[in-house]
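What follows is chain A paired twice: with chain B in the first complex and chain C in the second.
And now, the complex of A and B:
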């Protein structure tokens, strides 16, 4: 009934195979994008980094005439730089911890519970970001004045907390929503109570994404300038404030450049470590991917 | 090990009735399949037994103890989910040991029991792997091991092999059946695949629209379907709309003896149709012939264009457009609100011999 298709002889088959083999096509679009990104992102970084080690660099030289660690020594021996660094670190840590304590349970509630006014409340949390931030800070500053919070540690912490709400609610909500309910049911099934399920299953499953939220919060709070400037100064001088005053007040750009590299390296290392530990997938998921 | 008794179980989601007043007793050591199309309520019923859904009405008792109000962690049941639901942040060992750790067993005993159950599901030595390093079939075995290790009285399986390919599915269901019989554990298996249900169950519960259509042994359900739905759902079936009058049913030009009057459904299994000489009222036009190797299926057209599936001998060869005669060996007539009536040509012949000489 059926005709069996005649196979070509063995030699013909291998001929076919060699003809089919082709070179990988060159992805010119990809290369163009990559080059463009490199110029826009990497070039300014490299120039600033070079400035940090340049002692003499005059136009039109492409590389500095003299390199050295002179400006590093001058910057890092200053007391106010180290004070600002410790202050920044303690403010940032405090903000991140408080923010997590407030936002993670809230995010869990938004993700898992159905309560009246849920959507309105969720929007209210996020709508903070819809206002021009500077206006919001000025308005808050007038309230803080009467409360004697301007120029205090806790004043800066409070105002910076507001800025963290977006990342610390939005990302964790998607993290908790992303945890398959069946995983939790399977844990209930073998005998775990609701609290045990949260600690042993839900939290570890959401952790990579939660860590991404924590990291973004930490880094963005550390570099925050507007609120620190309006609420913090003159008593509370955070690291970015010191950097800005260096850049504004010093004739040599090197002071600013040194601080730039000084601040950039740790956060870059932190990001790399986070990527390594959590995996690029989880990280991308945390950022809404 | 255990008996499950469902009495008057009903479940509504808002205005939608998912399950309607269901009574069912599952005996000790029995494997019962809940079979039905999507939305028939089979998964809801399983989740009610497992404690993941609360019934709107009715009670569940396991070994005579009312468990209706108990949460899943306090019921002697264990569920294998369709999606495996393995915890990706734990190793295979961690997944299986979790339930034992909750029971505060000594470490040595946990290790011993996990290794024993890994052996049972054929995954000896896989303990240190992460679920993501396993194939789909292996993941499902881990899920099974995780449920078995806590020694539940009732094993619940929610379409556990739906995401696996045909061969693996067949092999795993044989294994599950083996393990279930070896442990003598009571099991409830949800599936929408009738071949799966026929292959492994002691009894099948056919569900449709939240109602139990029929409960019975696999062969019984196949041979003696109680409703037109069951007849059409289990196995291949030609279901024709017909009219009863003057001691026969007329459907798509086909006439067969049958009692009663009014509209009715005529159900004929493809294997109950024999080829014969073409004659008035029992001629079929061939649309396509499908050669399955072991048998041949002819997709034919009746006088009014209705499809008729005929299963016949592997030696038979027909081509498109051929006119072939048929002889129906047995058929069932379903009428609304009445018990189905079954007929066989050899018993009918005695009083209507003329037509079926």
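And now, the complex of A and C:
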């Protein structure tokens, strides 16, 4: 839109262009994309959600023969589901808390302090992205083998923690750099000490982005599959592992579908909130883009 | 890269290093050390000296080579399909605004929020045997299609779906460098859509396309969850192959050898991708 504003003002050409634009109010290309994307992107998710409420859905009926919550009770009373849920929540919480404890101070240092090797160390976190992920996990697993960390809680925590480093440092660095320095200086001028300035001025301004980074870490760690699989199994069975066993063992279709609705829908709502705070671009970077 | 801070806060040097020490050490221990160890540990054996036997085995074993070949062509095809699918959407979003365009963007970015396990689950319900596609075909009296589930097409479809948003964002950031004025000028001179795309747009977003391809290759070459759940059991892609070698065969040496081989195949793409991000970061502030 800004480019249009730069065109010669009041020219006959731009008048014509506005008139032409007004005459074609229906964005048919957009509607075509919308329809195509709705089918490709949403249909699989909707079908899975319907399965969660289908008690009987035999091929080739287009809609389930009987709807109901029967499978909700059956799924949510399964022991393996609850064990995995608590395990996943405790691993995820541990990873998020440790990650925040070591990454946020580091991000503050990268954003605000001057120290030798600052740029090199900052860019070093990119190296995680330079290797194919699963290859890196296999290489780490080989080391974990000698340390007896394979198949343990802490093995899974450590490998998932590494996966969070990049965005738990890079996103907060932008947050700390985005804080209005004039406010800090004003507070300093009226006699506030450095800690007071940090708690009262810097932190509150950076907080929404820090919270978004925490949320992304929590949700993506909860669903992390590759590392949890190679390092965790067979002893440490997180939630995605239970879903995979539902797929592989061809148990009732509805078990997985119920978990899909039960677990994913809440995380989806939270992620939407995080995206609103950060904007799609930074968000994508957070997810490894 | 980050600019030098405008004013020093606190003690500077030492406290800065101390604050970043833990994550940096973790990075050294769990990323750089494993990579180094993978290279050295597959080539040098204490007490026995150097040996490339595990590499010789990989490159002379027919099954390993078939897995590598499957990985190569699935990676190439999926990367191209992702860019091909994202490009029209990116072009549309670049030159259109309004509520429909906003909706198109949200829908196209939607897969960002869907974890791979759930993608696999939903995919089987739709394209698996007697899935919703079969159901709809039978409803209109058409024959069922051969299901892509457990075929190479299975993970390809799933991976394109999953990778669409990030490819789209990378292309959109490239298209941001194409000015509307230059496109409109070309159109006023009578250039058609194809000419505008190949002569004006494509040269300016070339680097973004390369970065998008590099990013995709890195992610796809050792993709694990979707190929494991949706793909064929034999031959298998490198991700599932490494997992099976490590866990089921309890053979870390050969699994690490396979990992080093994936590192080698992806080295150039890793460099391109990381350099591009580092450069983009320099522009920030």
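By our rule, the second predicted complex is superposed on the first by the 222 of 289 C-alpha atoms of A that agree within 3 Å, B and C clash if a C-alpha of one lies under 4 Å from a C-alpha of the other, contacts with A are read in each partner's own complex, and residues count from 1 in each chain.
In the analysis below, a residue touches a chain if its C-beta (ideal position, glycine included) is under 8 Å from a C-beta of that chain, and two chains touch if they have at least 3 such contacts.
Computed from a prediction, not measured in an experiment: that's the story for all the values here.
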Using the superposition on chain A described above, determine whether A:95 touches chain B (first), chain C (second), both, or neither.
neither
Touching partner for A:81 - first (chain B), second (chain C), both, neither:
neither
Using the touch definition from the top, say if A:129 reaches chain B (first), chain C (second), both or neither.
second
On chain A, which partner touches more residues: chain B or chain C?
C
Between chain B (first) and chain C (second), which does A:212 come into contact with in this model arrangement: first, second, both, or neither?
neither
Check whether A:171 is in contact with chain B, with chain C, with both or with neither, and answer first, second, both or neither.
neither
Pick one for A:180: touches chain B only (first), chain C only (second), both, or neither.
first
Could you tell me if A:111 is touching chain B, chain C, both of them or neither one (first, second, both, neither)?
second
Chain A residues where the chain B and chain C footprints coincide 1
State the interface residues of chain A toward chain C in the complex, per the touch definition above.
1, 3-4, 6-7, 27, 29-31, 33-34, 37-38, 40-45, 47-48, 51, 59-62, 102-103, 105-106, 108-119, 121-136, 138-143, 145, 158-159, 161-162, 165, 169, 173-174, 177, 181, 194, 220, 223, 225-226, 229-230, 233, 240, 243-244, 246-248, 253, 256-257, 260, 264, 267-268, 271-272, 280-281, 283-284, 287-289
Complex interface listing, chain C residues touching chain A
1-2, 4-10, 12-17, 19-20, 22-24, 26-27, 30-35, 37-38, 41, 88-89, 92, 96-98, 100-101, 103-105, 107-126, 130-132, 134-136, 138-139, 161, 165-166, 169-170, 173, 179-181, 184, 215, 218-219, 221-225, 229, 238-239, 242-243, 246-247, 252, 255-256, 258-260, 262-263, 266, 270-271, 273-274, 277-278, 281, 284-285
Chain A - residues contacting chain B, complex:
1, 180, 182-183, 185-193, 196, 200-201, 204-205, 207
Going by the contact rule set out above, which residues of chain B touch chain A in the complex?
50-52, 71-73, 77-79, 81, 83, 85-89, 98-99, 102-103, 143, 146-147, 150, 317
